[in-house]
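Note that the chains are named A, B and C in the order they appear, and that numbering of residues resets to 1 at the start of each chain.
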Amino acid sequence: MSQTELSHSRGITAARGDTDGRVSTLALTFHRAALWLQSPRPYLMFIGFSLFLGFWYLAVEVWKLPRFAEMPGLTTVVSEWLSKNPTYGLSIFMEEYYLHIWVSTRRIAIAFFLATAIGVPLGLFLGWSKRFKQYVFPVFELLRPVPPLAWVPLAIVMFAGSETPVIFLTFLASFYATALNTMLGVESIDVSYIRAASCLGAKRWQVFRHIIVPGALPFIFTGLQISVGVAWFSLVAGEMVSGQYGLGYVINTSYTMVRYPTIIIGMVTLGIVGYVTSAAIRMLGDYMMQWRTRELALGEER
Amino acid sequence: MSASNKWSFKVSSFIVGEDFWRGIVAIIVFLIFWEIGSRSEALFGFAFPWVGQVPAPSAVLKEIYRLIQEPSFWHSGYLSTRRVLEGFFAAMLVGIPLGLAMAVSRTFYGITFPVFEVLRPIPPLAWVPAAIIFWPTQELSIAFVTFLGAFFTIVINVIGGAQSIDVRYFQAARSMGSSTFDIFRRIILPGVLPSIVVGATVGIGITWAVVVAAEMISGGGSAGSMGGAAGGGLGFFIWNSYVGGSYTQIVAGMISIGAAGYMSSAILRKIGQLLTPWLAEG
Amino acid sequence: MTTQPAYTRSSAAVAGIAAPVCKGGVRIMDVVKRYGTQDAGVLAVDHCTFDVPAGEITVVVGPSGCGKTTLLNAIAGFHSLTSGSIYLDNEMLCGPGRLKAEPGPDRIVVFQNGALFPWKTNIENVAFGPIMQGYMTRRDAFEKARDMMADAGLRGIENNYPGEISSGVRRRVEIVRALMTDPKILLLDEPYRALDSLTKSVMHEALLETFYKNRVTIFFITHDLEEAIFLGHRVVIMTTRPCKPKKILDIDIPHPRDYNVLTTKRFREFMDETAAAVHEEATKAFAAGEKER
């Protein structure tokens, strides 16, 4: 086997002292992180955040711009968030804070899990079987344009209790995003792969298991990330309209009870939790699709 | 084969094709199940778990027929549509230049993208209270929130589109002596257009969702939190129907919103096709 | 050399090499393929008839879009015929009554842009066929795969993913995958089109080496005349769409061949004979504004 062919990845291997001809994924990840730190990117990021937060601080507390008169200032929010004895009752030291986070996250988890469990198989079949798509897709598309929140009154009528309607809403939005992206993923698989598998003697269900499912995986994970974002969107809406506990509820009541800094705390928390859930899915996807991560990493090198 | 022949060939083969009829059959079956489900109490003596509470399609149809004749209903639709378009165009106006700037300048991207990414996971509705505190009128705060909904999607799509323009187009233009402005006008803008269209089509769906949500919250919501000044619109209509106990109106309202949302997406897609003729099948 | 599309004696006999018992001979008879309806369709293949002798490399040359891939797809079982018939080893593959063959491991295709499954490692790819068909256990299949890869000079990359190796190497792995199931005929659809000419010449020699070891029938499509004459026992030159054989040559340059063949007088003679014909069709295709499918 010609040395030049493997020398490139061997180069990385040698640098790390690995002896089996294959670079570990962890090593590749560290390598990419090191490259990132050496670039100007972290410093630009710092500048960006400083500008943003700096402007907020100056506008409210130093220049006291009229438009920002009632806005809570950066220092107020931060000190409230980190204080052991918060004026309005919510900070990282308060148990209630984590209760709200937990309630919201739990709702997301249930809805998202259901949406994935139903949406992915449905999407796979919609993409795989033309017949199935002909029957099911029109009904699917019929209900899709109705925005999640428009379902709220109907959901309250249909389902008993106060938790189920909220979870149903979140489920619906998440489900559509997942199913649609999965279907798209299946349809985007290069037909050559399917043909090659047929040539090699794979039966239909084998093609489904070995070609369709792994081939659609990248799209499925993109869909899942979108789906989680949409889930949060619907959940917050649902919580603001009808619910007790949860981050949406916190933001809503903070407004009515004139606890302005808590609004910002709620928003920031939402942002963080939303980001974390999205990142978790992305990392799961990267792990499950090793072949892609490695390909992309090596591509960056070149 | 001439263009008009091709088109009519396509349409006629679509209608005669199995696609169409199977879809129709499925929809009819769906409606039948719905009808039976909502009448289950009367028919079987007990109500089906969830469908049993939903008003029947036949009743909804009658309601729609009645509503079409009421001017106040159309006024609600007008209000919602206006809000959607305002927020949407604002998002395009700010989002497209911002996205282009971020795609063109690595430095600008490095500064703004992290902040952008941190703000993006915050659902637009979570911004409502902050928006109300900040903006003088209720209408403006709803508009701001609507703007946010579409803004993030559009920017992301513009960046993605600009980044995927083949670098060789730039090289070719430069080698032919194009100025930077020329390159912008003749390569970047058309190259980004398909992504803008995609971002717009998705964004307008989000905008509708946000508008309906905002209307519902400002009209109803827990303890009428946002104050009832700005009202109206289809979201408010649905909430009102719920409060007033008219369930058929709820479903009728949902259908109208769905129809409006679908039409706006379709119109946008059509405009997109007209603007990017080179993407059509050859 | 003959211009009559008729069965000629195997050029292996001409070259004096004892031909082993071969399978995979394909006979294409009066095949017509039309996409779409009678008046609104596109005629891709127009009453095409020629033979692919067993145990030999037959190369089909033609301008882009002329319909040669359609023929390959019909043999492979991906498309149906409009009329005519195709025989494999004197058994009907497809024809009147059964216009579409089923894809199967006796006729394996190597695709233009490569179809190694990116989500499986190289060895998983190579062992895919026997495992799917169930006639080998996973362990046995992997062992055989390892042996065949080593045979082809591909030792050491078994546990890499296709995305980590160069495209030339990927192509070679794909061919090993195809040979694992002992096919009757190998269908190659412009497999080296996307490679640079330096890599290409290495690929050609590798392909020939594989052929000498396995003696599988090869049906090879290309637009590159030089590649065709270098590789093939016989070369079929197609007209532009709709395609039919314009000229068929038996290349009597002896096997085994290597790249030195390219500079021999005989090679140049073949090029002289065929260049005019190919050029004529290429000009017609250009004038008709052919788009690559």
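Keep this in mind: a contact is a pair of C-beta atoms (placed from the backbone, for glycine too) under 8 Å apart; a residue touches a chain by one contact, two chains touch by 3 or more.
Quick caveat, the model's predicted, so the values are computed rather than measured.
Chemist: Work out per-chain C-alpha centres and flag the one nearest the whole-protein C-alpha centre.
Modeler: A
Chemist: Busiest chain-chain interface by contact pairs, anyone?
Modeler: Top-ranked chain pair by contacting C-beta pairs: A-B.
Chemist: As a test of understanding: of all chains, whose mean C-alpha position lies farthest from that of subunit C?
Modeler: B
Chemist: Measuring from the mean C-alpha position of subunit B to the mean C-alpha position of subunit C, what distance in angstrom results?
Modeler: The mean C-alpha positions of subunit B and subunit C differ by 50 Å.
Chemist: Between subunit A and subunit B, what is the gap in Å from one C-alpha centre to the other?
Modeler: Averaging C-alpha atoms per chain gives centres 20 Å apart.
Chemist: Can you list the residues on subunit C that touch subunit A in the complex?
Modeler: Residues in contact with subunit A: 76-78, 103-105, 107-109, 111-115, 117-120, 128-129, 132-133, 153-157, 159-166, 169, 177-178, 181.
Chemist: State the interface residues of subunit A toward subunit B in the complex, per the touch definition above.
Modeler: Where subunit A meets subunit B, its residues are 40-41, 43-45, 47-49, 51-52, 67-68, 70-71, 131, 134-139, 142-154, 156-159, 229, 232-233, 235-237, 240-243, 247-249, 251-256, 260, 263-264, 266-268, 270-275, 278.
Chemist: For subunit A, which residues count as touching subunit C in their complex?
Modeler: Residues of subunit A touching subunit C: 1, 5-6, 9, 21-22, 190, 192-193, 195-203, 206, 210-211, 214-215, 217, 289-292, 294-295, 298.
Chemist: Which residues of subunit B touch subunit A in the complex?
Modeler: Checking each residue of subunit B against subunit A gives 18-19, 22-27, 30, 50-51, 53-54, 107, 109-115, 117-119, 121-130, 132-134, 205, 208-209, 212-213, 216-217, 220-223, 225, 235, 238-239, 241-242, 247, 250-251, 253-255, 257-259, 261-262, 265.
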